[in-house]
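Attaching a single structure in structure tokens format; questions to follow.
Residue numbering begins at 1 within each chain, and the chains themselves are lettered A, B, C and D in the order written.
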Amino acid sequence: MKRSGEAFWWALFSAGGVMAALFVPAFVLVTGFLLPAGDEAVAAERTAQFAAAVGWWPVKLALLGVLALSFVHCGHRIRHTLMDLGLRRFSGLLKVPCYGGALAATIWAAMLLWRI
Amino acid sequence: MSGQYHRPHGWAWFLERPGYVRFMVREFTSFFVAGYLIVFLVTLGRLGGGEAAFAEWLGAVSGPGWMAAHVIALVAAAWHSITWFAAVPQAMPIYLGEKRLPAPLAAVVMGYGPWLTVTAVIVWWVLR
Amino acid sequence: MAHGTTHEHDVIIIGGGGAGLRASIAIAQENPDFSVACVSKVYPMRSHTVTAEGGAAAKIKPNDSLEDHIYDTISGADWLADQDAVEYFVNEAPTEMIQLEHWGCPWSREPDGSVAVRPFGGMKIERTWFAADKTGFHMLHSLFQTTLKYGNIVRYDEHFATRLLIDGNGRCRGCAAIELRTGTVRAILGKAVIICTGGAGRVFPFTTNGSIKTGDGMSMAYRAGVALKDMEFIQYHPTGLPGTGILITEASRGEGGILVNKDGYRYLQDYELGEALDVSDPRHPQKRAMELGPRDRLSQCFIKERWAGRTIETKDGHVVHLDLRHLGEAKIDKKIPFVRELSRNYAGIDPVYKPIPVRPVVHYVMGGIDVDSNSATSVPGLYAAGECACVSINGANRLGSNSLTELLVFGAQAGRHAARFAMDNPDYDVPDLEAQAEDEGARIRRAWFDTSRKDGERIVTLRTELHEAMEDGAGIYRNADSLQAACETIADLHERYRNVTLDDHTNSFNTELTAALELGSLLDVAEAMAHSAVERTESRGSHQRLDHTERNDDDFLAHSMAFHQNDGSPPRIEYKPVTITKWPPGARTYGAGSGLKKSEST
Amino acid sequence: MTMSAQQTMTIEVFRYHPETDDEPRFQAYEVPYDEDWVVLDALNWIKDHVDGSLTHRWSCRMGVCGSCGMMVNGDPKLTCAAFLKDYYPRPIKVEPLVNFPVERDLVVSLDGFMEKLEAVKPYIIRDDVNDTSGGEYLQSPAELAQYKQYSMCINCMLCYAACPVAGHEDEFLGPAALALGHRYNKDSRDQGQSERLDVMLVGEAIWGCTFVGECTVVCPKHVDPAGAIQQAKAVGAQEYFKRFVAPKGAGV
């Protein structure tokens, strides 16, 4: 039997797990709480700050990497959770929405970052 | 005469042990993290759409519904981080000679420490 | 019992412990065309080798010598060991141990990467290889996992062998065995047979031995006409946990643990075992002295302390204390972690903070199936190795950490010789052997599945009475009366054994049936033990007679040989001279400066 | 002490006989309560004194032979290490290990496990393994420490009973077998990693594991199979990407 290609997805899953663990809580804090909070002046100042940061191309690239890996991480984990929940028979089929979704989200993210 | 007995597997196996429930909770963080990241993409999109679009978006986000959603996202994301880094010493043992770095210490060095630092730096950057 | 299909191989090994597995590999390796059957009543990794803790002896370090290992073994055996066999054993030991190292055994190591050794009781120099304090476990699993490499080793797991099959020319050609899953009696045939079924500690109530150690192989050989040799020599290990009999390894004393009585006094110094050096003295623990005296002596000292009223009374009987506290937590966790785990779980004692209560416990049967140094029995084609066999290298008292090495050396030896026999004697008559196996199935069915028989006795009743008889009659100290009483009880139990009835008359996994068959083995072995002990009117090693307290080399520098009598009468006991080559019998002294080679002989 | 004065407790035992039963049932026994007793002692007492047909495996009764694993109140346990006093006075329910076919009563089939164990090639692989002439292979204490923990497995199979993947996915080699495969991969004396990975990295053999982690929780010998499996996956991933850096056939 041939070694499975799962190693590839697992590696991305792991890297994505690290990325999501390191960054996502901070992202939630920023976009969910810090930016919307406060009066207009504060919000404007923080928005400018945020826009400046995200607009800088090294940050864009890094952000794209974090997002791409995190999406694969989620896709992989969702796929395996669904398998553990009884969809084991469809393990191959599940790759399409799970990894395909991660790929689509990554392309979307690239387009959005490009526009900033 | 019926030979070996095979016990049936219930679909609700994940309720059978507390550890399984914890496992499922951990795995389900990925649904919330994925959901949040889509919202994050929307946020980036609005940012790309100009100041007015972004301000409007922020206005919407500060509403109670979105606020609640972000609280849930924060809890899920933090739980992902906590469980992920707790497992790192198992998956990546560090040996100093014949001694293995104790798991709690390894988790702090390789996980919780960097995580809290990254979070603090990002928050500081926005707040400063 | 349904009659099963016949299975044919080249060599049949009964028993899947250390010796059986080593023999399997020896054959599989040297005769790749041979098919080796390993028949075992449990899965190999459940075999009792798994519980051995402290280590296995072999000369490996430059400060040690083969000569010293030989001398320690022979003097430890109180000169009842055959010296040619001991020499062979000691010479082969290093190679066998290195081989096992190559097969993956995780030996504890020195900083330079060489294997580490520790001292054991009765040794002039430290030579015990160890894998922390789970040496037997690691050895067994390394051997078992290595057998998985060989496609020509066919395992018959959970097959309970009940009878040896002997062809018309008197050669052993296989066994009848119950496949536990189905209850089918199978004929497993081969050109030679090796018995590696381990010891029989379960003859006694208080033992380190697991439930499987019921002497089945000894009994099978005994009933096939092979003598059981030196069966009166039963080793009590001085440090078992009260209640359960779980072993606290001798390595705990090798690492510096001390034994104290109820006054906190190191009582061994009162029994010619040397000087009680302070535990902080760099010379502690001294080899061949005090706590590193031989097992028989230490167990006897316990009884004398008990007679003197200086032991500690607990609800599980009298104990003394094994004190490890001065070793410190780090050393205990590194060198003897299993001791800590066992003490905590089964005695509720953490040896880092409290001394462990211990008492002598039946541990090892020095005697066994009579074999020569080629591991061959008197029945052509039948070999034996391991605790079930008596070569003899263990004599009247086995040196701690020789038994694991013995499994390897004589397991391999038996394998090679059985394979040679198989090559030289290839032909046998299948239908005749099949008929014997069929017969055996019918015998078992008649004896145990007769549902018309009601209100017989329970297995446990007889087993308990056997235990009492052996403990009272054939314990650490015996005399003519106690042993005679044991012989009579055993004879009576043999009678009543026919009257035992089972609750379970079904085929699949009938462990009540196997327990009944095991009880039969125990009775056979106990009979040989008690009768051999009555006849040996001297004290030597582990056989201590209160009515004959001295060693008597004139009459008893000889192996006892118990032969089974088919008419139900007591075994016939004969004697075979001990082979003495270079080490004439001497005084067995321990303590400082003891064991100084041949010069000390009386 | 008379039986009536003796404290007792109830043991409910899973009973199934392949010759007569289609479905299992539970049978309750009153056993004497002794605070030193383990569940195995109670089972042995029942077999000796009450019902000789009760069927279970055991041997060493000191937690190292791995025979007596059963479900005790739903938890996979070595019954020789599960003390009655930790349950008394509530009843104890004893069942065979889950995720295994039941042969009879508390006895499960090891066939699948043995095949999986054999599959991972749990032995030293190198050319000179049977040549002892050069003395022992050197291995530093630090090298020993790399795999020692994973060599402690007693094959009691509690980890399979705790693993939902082992229960649902036949291809999955399972915690103990994978940990042992990893144990040999990490052994400095071994040269067989590639052969083993050819088995471990196939299909769901290792990838079925979703790191539930309960194998490690129930392991009586602290082997941490869950950790071993994640490490083995990481090795597998490294090897996967190495192929692109140094493709096969591109030199040694």
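By definition in this document, a contact is a pair of C-beta atoms (placed from the backbone, for glycine too) under 8 Å apart; a residue touches a chain by one contact, two chains touch by 3 or more.
Only a predicted model underlies this, so the values are computations on that prediction, with no experimental measurement involved.
With centres taken as mean C-alpha coordinates, the chain found closest to the middle of all protein C-alpha atoms is D. In terms of their C-alpha centroids, the spacing between chain B and chain C amounts to 56 Å. Once the centre of each chain is set as its mean CA position, chain C and chain D turn out to be 27 Å apart. Between chain A and chain B the centroid-to-centroid distance comes to 12 Å (mean Cα coordinates, whole Å).
Averaged C-alpha coordinates give centres for chain B and chain D that are 31 Å from one another.
Across the assembly, chain D contributes residues 18-20, 103, 140-141, 144, 164, 168, 210, 234 that each touch 2 or more other chains.
For chain B, the set of residues touching two or more other chains reads 14, 27. In chain C, there is no position where the chain touches two or more neighbouring chains simultaneously.
Pairwise, the chains that touch each other are A-B, A-D, B-D, C-D. Of all the residues in chain D, the ones that touch chain C in their complex are 17-20, 36, 47-49, 51-53, 55-67, 81, 103-105, 107, 110, 114, 117-118, 121-124, 128-132, 135-141, 143-144, 147-148, 151-155, 180, 184, 187, 189-190.
Chain D makes touch with chain B in their complex at residues 16, 18-24, 74, 98, 101-103, 109, 140-142, 144-146, 162, 164, 167-168, 210-214, 216-217, 224, 226-227, 230-231, 234. Within the complex formed with chain D, the residues of chain C that make contact are 29, 42-43, 45-48, 50-51, 60, 95, 98-99, 101-104, 106-115, 134, 137-138, 141, 145-146, 148-149, 157, 181, 210-212, 243-244, 246-247, 338, 341-342, 345-346, 458-460, 502-504, 506-512, 515. Touching chain B in their complex are the following residues of chain A: 17-18, 20-37, 43-44, 46-47, 49-51, 53-54, 67, 70-71, 73-75, 77-78, 80-81, 84-86, 105, 108-109, 112-113, 115-116. The part of chain B that touches chain A in the complex is made up of residues 11, 14, 24, 27-28, 30-31, 33-34, 36-41, 43-45, 47-48, 51, 54-55, 58-59, 61-62, 66-67, 69-71, 73-74, 77-78, 80-81, 84-85, 111, 114-115, 118-119, 122-123, 125-128.
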